[in-house]
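Look for subunit A in each of the two complexes below; its partner is subunit B in the first and subunit C in the second.
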Partner chain A sequence: MNQSSKTVIEISRVSKRFGNVVAVDDNSLVIHEGEFFALLGPSGCGKTTLLRMLAGLEVPTEGSILIDGEDMQGVPPNHRPINMVFQSYAVFPHMTVFENVGYGLKVTGVPVPALRDAVMTALDQVQLGDYQDRMPDQLSGGQKQRVALARALVKKPKVLLLDEPLSALDAKLREAMQLELVKLQNTVGITFVIVTHDQDEALSMADRIAVINEGRIEQIAEPRAIYEFPANRFVADFIGKMNVFDAKATSEGDRIAIEASDVGSFTVSHREDMRPDQINAVAIRPEKTRLTSQPPDNSLFSAEARIVNIAYHGKETAIFVEIGQHTELACAVQNTSRSQQLPEIGDICWVSWKADDVLLLE
Partner chain B sequence: MRYSLIKRTQFGPLDYIHQGWMKLTLGLSFVFLYAPLLILVIFSFNDSRRNIVWRGFTTKYYEKAWNNDGLIEAFANSLTIAFFSTIVSTILGAMVALLLWRFRFPLKGAYEGAMTLPIVIPEICMGVAMMAFFSRVGWPSGLVWPFNLSAITIAHISFSFPFVAVIVRARLANFNLELEEAAKDLGASEWQFFRDIMIPFMKPGLIAGALLAFTLSLDDFVITFFTSGPDTVTLPVKIYSMVRFSVTPEINAASTVLIAITLLLTTIALWLQNRTGQKLGH
Partner chain C sequence: MLGVPPGIWLTVFFIIPLSLIWLFSFGDKQGLVDIELTWTMANYARAMDPLYLQIFLKSFWFAGITTLVCLLVAFPIAIAITFSPARIRPILLLLVILPFWTNLLIRTYALIAVLRTKGYVNFGLEYLWDGLNATLMFFGMDPSGLIGERFTPAPLLYNNFAVVFGLVYVHLPFMVLPLYASLDRMDRSYLEASLDLGATQFRTFLSITVPLAMPGIISGVIITFIPALGSFLTPDLLGGTDSQMIANVIERQFKSANDWPFGSALSFILMYITFFVLAARALFSRQGSAMEAS
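Moving on to the complex of A and B:
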């Protein structure tokens, strides 16, 4: 929201190898001031290693990291304008909440009155104002996390790093904390870089997302672009649910004709970054499909299908249909009314979608 | 009615305390541990020169022990040795524990084994080895107090610090490495991290280790016997030499005092540990 175009982190051609294992493989990335940036990927993809290199807890094997215009090579973590919220929270167990939050100021020699004011402001920001004398083992997981947050924020860092901050919280609390983190980031105006494997978290909180797989950044874009226009098969598959079919494509005037084996054929608008002969598959998200008992009008692509499985999820129902003999497809139906009739297994129906909602894949 | 054949019980399957053999085990272990100590303490108040028949209550043997200059000197020696040995073994043991926990280096496994070996080596071998070592290097004897105790103190340090190392090492195994990263991330230098995070974390292990080192030193007989000269007698060695003449209630009194000191120190250490625990938990 409040980001400017000023660069605060510039990662160029950074690699990190542990012995023969390449954890981070030649990545470049620019993060702007005031941005809420997410590093998203499956576990073991190198996102945490990238974050730790920003904090100075790991040293890149190759490449350079600039923070606020300064090369961080050889700068130890205690001299970087960056602070981190650790996955285990790492709240010091023998210190009170106040001492924990004040620690980063105490070690740098901030005088007591200034320290007290700063700590109380930070505790108020995370709504722990009344907890200053508590010991960490009297706090819940969510409260410990707030202590870890306040402890980092009180240092007024250029960038705040968060390593899987919500993974240890239960679902309800996680959702509340997502909103709160975004609010907090808007208030303090500090650049947040969050590492997560949870796509919901990344999509709902971040201004921009870098999707990482096997040490390489696959796509950097805004949440909507990541979801609606994934750059490749990995991103399409990793974010949300996706039905992928093998397909052949040919040019047909200003459109592209798609021939998907069991599903049928249709045409989509031309994409400049892809030649038809590069297209080997097409994909459609479950919620972009429609199920009807009668064939829909001609503006939609449609195919006859048989319902093979139904999974009820409360707000929506996942209905699995079979087109032809071999192609299974997941459709999501919103349960918008109590009286909504759901089909039954074995029913024959029509599955349809807008041709331009289909994603073309290599 | 299959279940009618089964003998029913009113206790749960894990309520062993209601079983006879459980009570017997508890009772026997107490008798084995504390009957001799109890008799020692009771007979220290016996009004008899011989230690066999009870002839009435008296505290005169405590007085006698107190006025026995040789015994008091030996006691002072023991406390002095224990004091210095505890300080050095606690520091050395903690450093070894940190080294083993924190760093990887060649032959680390061999080093770790070598560190714990003195725990299992028979004391008599350690004693003979110490004696041979000090005579070989020509360690000066007959120095002024307390330097005349240096040989014994060094011997005590060498068998105490591995115990401290083992205890502190066990404590360190639970250390969350992210605490170190968090401290550094917040701006702490290596030394500030060590002082503010590491030492408070190790404290319970340090207290327990120091206590163990102190009691090990205070009551060691075998190794001390081999390294002490005629002018450097410690309390256990003194008691042994007194027993050789006759077992009097005076010895019982001296031993009872030793037990009382050990108990007191253990209580203090437990209380200290408990207090830090409560401060953390309250």
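Moving on to the complex of A and C:
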């Protein structure tokens, strides 16, 4: 990564209201130079509005946005050191690939020889060097996206904004494009800010992620921290799969004792940012549980369970078990071998996990 | 009645009357009411007389100016409607088509009331003139040298200006609606992308909005130009002696001149021209789509 600690975007206390609807609610955020930053959230959470405010296509109702140290208030989109790849790509249908990529230079009066060089370099960067004379309707979705990328990169922006860039591509192409975008970002060294609702995309590509819900940033952290140490119930629930149980917690020396109805009791190490009386629930990810036919050793917490449902996914199998009368739990079993035996519905087994893999929630 | 197949409707109300007129155009006038079909080309030959060619030319000129003015006026209106809040957009569209709810004749007479010597425009101008006159007097200047001895009403009616003004007024909705339709369909992100890439609003309009609205522009031009070319009422009521259009000549052949064969020939020449315009448009759009498909 080309990250430095230099700030390139500073969003402070920005809100955006459309009539009575609050799309973005009092958010602050700092993005560093060279960073690959993801705004992640469910649809309608305000992430695109936030991106559009960076581009100057929406005006914040409150708060300020600094790009490269300059206040962007009143600066129109065409005067911002930022370019955007639109979700629909917005490749101009009446221009060739070359004219599309050259458009941003032509309108700012770049002389033709320099424009030609820059356009060809950008097209080579996205592997479309041979497509310069094609019309957009002769291109596939993936190729149009590369045109949109080249068209933005040729402007050498401080920050490149990408609005759901991969959502329209099929699964295989999407995976390839994820890797390519990261590679491209490393090559050009431009700060990328990507909006996505796809957590896989955010986790695999971004250096840091802001998880947004209902207009508010819930957590800003590196992908691993977002997944392993979600800050609250929304993030825990939104990212990956999570089993959540109601629980009571009490202090027990330097550890916290958890009492979860049906499941049982165990102790976990102390979390400094939370008092025991704030804890109302605990959570464990399916892949952090283990299923055995015999009770495991005492280093793990374990409970007896009955298998109620099995869903086969190829690389893994989701096994749903019932502990006690009311508590259902999803466990993920990796299908590491072809000859692996799977349990059957109705079997009694033991579900276990490391106490410290449990997440404490308010 | 409703169960009648459309083919029969077309035959009875369109093809038969039109065929009759077509046959008349090759006929010879015999006496007061009789027309003998002689397959003569004399009516068409007479239409090539410079007198009539000049009127055709004048009709083209009026229709062309009308179309151009409509385009220039309608584009900002269509843009304003497209970008207005969704709540008031239907109201604005309603205002555009509202004139259609009143008879053309009544609207034209209303225009006469606006434009005539003692009409609203001249009344307004006179009011301003009086005000200016009094102001100049107040400052001790002699207004007669500057703005004339007394107010002279602007000649706004019974001339070419009145005809074009009337035609623009009548045909403006025909231009606004197709332009609005094509602008409304346009993906806003094209405009945003253009701004984002550093283009000014004006540049975006020229390089993105206009080319992408081209289908709407062509439709608007055609459905404005064709009816404007065949206008009868507007030049008849608002025009002067030298602002006749071809439809006025046709009308005179059928009525006062009582020369149906010649009137029919003129009608069909106008119709052939219309067909030619439409055919050219079809060819143009076929080429456009062929280019896109290749």
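The criterion applied here is as follows: the second predicted complex is superposed on the first by the 362 of 362 C-alpha atoms of A that agree within 3 Å, B and C clash if a C-alpha of one lies under 4 Å from a C-alpha of the other, contacts with A are read in each partner's own complex, and residues count from 1 in each chain.
Here, a contact is a pair of C-beta atoms (placed from the backbone, for glycine too) under 8 Å apart; a residue touches a chain by one contact, two chains touch by 3 or more.
Just so you know, these numbers come straight off a predicted model, no measurement behind them.
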item	value
Clash-or-fit label for the pair subunit B, subunit C on subunit A	clash
Partner chain(s) touched by A:L66 [first = subunit B, second = subunit C, both, neither]	neither
Touched partner set for A:K155, first subunit B, second subunit C, both or neither	both
Contacts of A:T108 with subunit B and subunit C, given as first, second, both or neither	both
Interface residues of subunit A shared between complexes with subunit B and subunit C	55-57, 76-79, 82-84, 86-88, 90, 92-94, 103-104, 107-108, 135, 137, 148, 151-152, 155
Touching residues on subunit A, where the partner in the complex is subunit C	55-57, 76-79, 82-84, 86-88, 90, 92-94, 103-104, 107-108, 135, 137, 148, 151-152, 155
Subunit B residues within the subunit A interface of the complex	176, 178-179, 181-189, 192, 196-197, 200-201, 276, 279-282
Residues of subunit A defined as touching subunit B within the complex	55-57, 76-79, 82-84, 86-88, 90, 92-94, 103-104, 107-108, 135, 137-138, 148, 151-152, 155
Of subunit C, residues touching subunit A in the complex	187, 189-190, 192-200, 203, 207-208, 211-212, 292
